[in-house]
Amino acid sequence: MIDKRVANVEEALAGITDGASIMLCGFGGTGTPFVLTTALGKISARNLTLVSNSVRHTEDCAPSLFEDKRVAKVIVSAARSRGREPTTSERQLEDGTLQLELVPQGTFAERMRAAGAGIPAFYTPTALGTKLTEGKEVREFNGRQYVLETALGADFAFIGADRADRWGNVSFRGTQENFGPSMAMGSCIAIIEAKHVTDEPIPPREVDIPGIFVQRVLQVPTES
Amino acid sequence: MSVTPLNRNQIAWRAAQDLKEGQYVNLGLGMPVLCANYAPADQEIMFHSENGIVGVGPVATSEQEDSDFVDAGSQFITLNSGASLSDSTHAFAMIRGGHIDVTLLGGFEVNPEGDLANWDAMVPNKGPLVGGAMDLASGAKSVRVVMAHSNRDGTPRLVEKCRYPETGFGCVNRVYTGLAVVDITPDGFVAVEVLDGLSREELQAQTGAPLFFADDCGVLTTPDL
Amino acid sequence: MIDKRVANVEEALAGITDGASIMLCGFGGTGTPFVLTTALGKISARNLTLVSNSVRHTEDCAPSLFEDKRVAKVIVSAARSRGREPTTSERQLEDGTLQLELVPQGTFAERMRAAGAGIPAFYTPTALGTKLTEGKEVREFNGRQYVLETALGADFAFIGADRADRWGNVSFRGTQENFGPSMAMGSCIAIIEAKHVTDEPIPPREVDIPGIFVQRVLQVPTES
Amino acid sequence: MSVTPLNRNQIAWRAAQDLKEGQYVNLGLGMPVLCANYAPADQEIMFHSENGIVGVGPVATSEQEDSDFVDAGSQFITLNSGASLSDSTHAFAMIRGGHIDVTLLGGFEVNPEGDLANWDAMVPNKGPLVGGAMDLASGAKSVRVVMAHSNRDGTPRLVEKCRYPETGFGCVNRVYTGLAVVDITPDGFVAVEVLDGLSREELQAQTGAPLFFADDCGVLTTPDL
């Protein structure tokens, strides 16, 4: 019997070791893997690459990741905290101890999908000529110029969701979906934290991430 | 200056008046999202949010609040009739693929070629944030900027050359400020509306590059908001 | 009020003139726009480019398209009829009066999505070194070779579906979805023929093609 | 030959025995789809269909038939528990992105390098059909071919060099025929099972390129089917 459910958060994070790259889903608190991210703060893996839309939620959930200098690099579309005072991650960006790859959000999403879809690289009009595509190949198609962007994969992905079943199928509520499908596709081990995890299958047309892209499912309290 | 510039709500109101029935419109963070409050009530406009919404409705009241429903500004929102939800990758396919009719973006600077700088004010010790700004600047059919006409220190935001890192090049079609509505044309900045009571000379003095005036240049007036 | 519904099939096909390119959805009879395709057989537009997975369904629905030599080119993954005897389109392929671009099905789907997603070109491992990618650019990424494929857009798309609403939102049953989303995205004017067309909106998370990608909606009899 | 080759059902049965719990498996048209009938009953295997299904179930009975549910072979099918439905583009992302563990494909010819020809038999006056064959050949983690060992005229299908246009290069891992199970290795064709009663010499005579035999080469036996 296929059963991708894991018993606890330790099992969910098994295999995350030094040097791992991890995608962290979420936008505005929806689809955010709060439990997994908090737990990541408590294990010992170092030299991590974190791939997420914004550093902020990760740092809020697991400040120790940055305080203990366990993150080597962030690949994000936003590295700014809300307050006026710089956070630990901002100070590390400033002093160069934390590497930053800043990616326009649409390119960020598309690059992860590409990794999952077997597309090693694609051309995009976004950010052409800007600081964020300096040094990248530019090429003309039908009279317009485009930048070459490469796929962005990772070893793990953490994804928050409303529902999952034992086959790893995932269904979202509201705007939880955001980067979830592309991160699940683009990672080797996609780990879902879901509020409702069932023996019963999710109806086939309600599935937003087919279980083929999902390796582990963790039930988390609905309160989180 | 002889007159008081429009406030943020009034600038947003003016920008909203150019939105039309059936358009798909993405509103950037800050002043742009205020435009939704002032869109013509008799026209059905579909507001797009890059986190996966087509058909964003009003901000949720405390009773309506559902923490699974947020917009690109992380506000709790409602959905309008006809709304759909997708993932971010699909939402950006809409943007990049040219399916968004209008985006209203905030701006630090716009130059006469329509280059826009709006993502990095180079604040020391604060990390950078680009979000979806570059995707919107290059992907939307019409890119319109809402911003103050000048900085607090009086330096202009309509400039000859951007000092801040650019978001996109040759992308801006129109700028709404507290003093004017300015189109970007092959000739450069062309004012199409000037704030009631403001002279053309005064407007030019607040503008960092040559300003032309449309033949039918009108008067910019808004309700008190 | 937004209302993308059209009153009849003539309105649905308005603007299709000589030289138009048209995507035709469908796989195994699901998602197939039977009514629109049949109607296409009856208008006068010539020199058409048809983009569909297979020639067969189109020829079954509207044999006159081929008999009257109104199709200049087909872009398909299958150009073979079921029977032993060649069909009109097969004879035209043989004698060179019908142009063929044969595309592997996954590349076909991805190229249409790319057109709709603002991606002018992408690299893919599919069909590398085969007859179907002869003359195409080959490039290495991470030690593997890939072929450059370009976006495939069209003027119109015909898509069969179960449900649509006045905003152009579409929801599918079963395996109707197939090429629908990518064809809607990749075409200038996407025309939906749906068995159920409603004033009431489709619930937001049941929408498979957001109305932003759809220009016209035609209600067709549920029997078809 | 001294023995009767396996029939289509028996070849499919043998191929199905190598499928394992939890694998995502795509079955090509023809003989491959028969494999679903013989998959180990105690193992949950997820069958993928490139028109947007993960979790294809048995072919529909006339009572179950629903014309909105078809597989890649246009058969009316049912879905298994845990199935999901998507569009074709997503289904091919699964294939191209390396998420399919095994594909079983029909074949015209396979050579010792693992090149496969299975899409164009160059039949005069019939249009070509490639479908998803090339995507599967290059995308699946394991590509296995089920086919007759020889053509009706006795010419081999395991060949030194493909005469038909190739589907993919160096992609085939294993071939199931009516006479043997043959792995593609750096040394070329290596038989890992030979049909009960067939001599190695007889098998080599039916094979168009040098055939090696695994040290633990077994006997190919199947039930009557």
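Letters A, B, C and D mark the chains in the order given here, with residues in each chain numbered from 1 onward.
The rule is short, and it goes like this: a residue touches a chain if its C-beta (ideal position, glycine included) is under 8 Å from a C-beta of that chain, and two chains touch if they have at least 3 such contacts.
None of the values given here were measured: they were computed from a predicted structure.
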item: More contacts between chains, B-C or A-B; value: A-B
item: Where chain A and chain B are represented by their mean Cα positions, the distance between them in whole Å; value: 29
item: Inter-chain centre distance, chain A versus chain D - centres from mean C-alpha coordinates, in Å; value: 36
item: Chain B and chain D: spacing of chain centres that average the CA atoms, whole Å; value: 56
item: Junction residues of chain C - those touching two or more other chains; value: 110, 113, 117-119, 124-125, 172-173, 205
item: Two or more partner chains touched - positions in chain B; value: 85-86, 92-93, 95-96, 139
item: All pairs of touching chains, each written as two labels joined by a dash; value: A-B, A-C, A-D, B-C, C-D
item: Contacting residues of chain C [partner chain B, same complex]; value: 1-2, 113, 115-119, 165-167, 169, 185, 201-202, 204-205, 207, 210-213
item: Residues of chain D touching chain C in the complex; value: 49-53, 66-75, 85-89, 92-93, 95-96, 120, 124-135, 138-139, 165-169
item: Contact set on chain C toward chain A in their complex; value: 110, 114, 117-125, 141-142, 144, 146, 150, 172-173, 205-206
item: Contacting residues of chain A [partner chain B, same complex]; value: 27-30, 53-55, 77-81, 86, 89-91, 93-94, 100, 102-107, 109-110, 112-113, 124-132, 162, 172-182, 208
item: Residue numbers on chain B that touch chain C, as the complex places them; value: 21-22, 24, 44, 46, 48, 54-55, 79, 81-86, 90, 92-100, 139
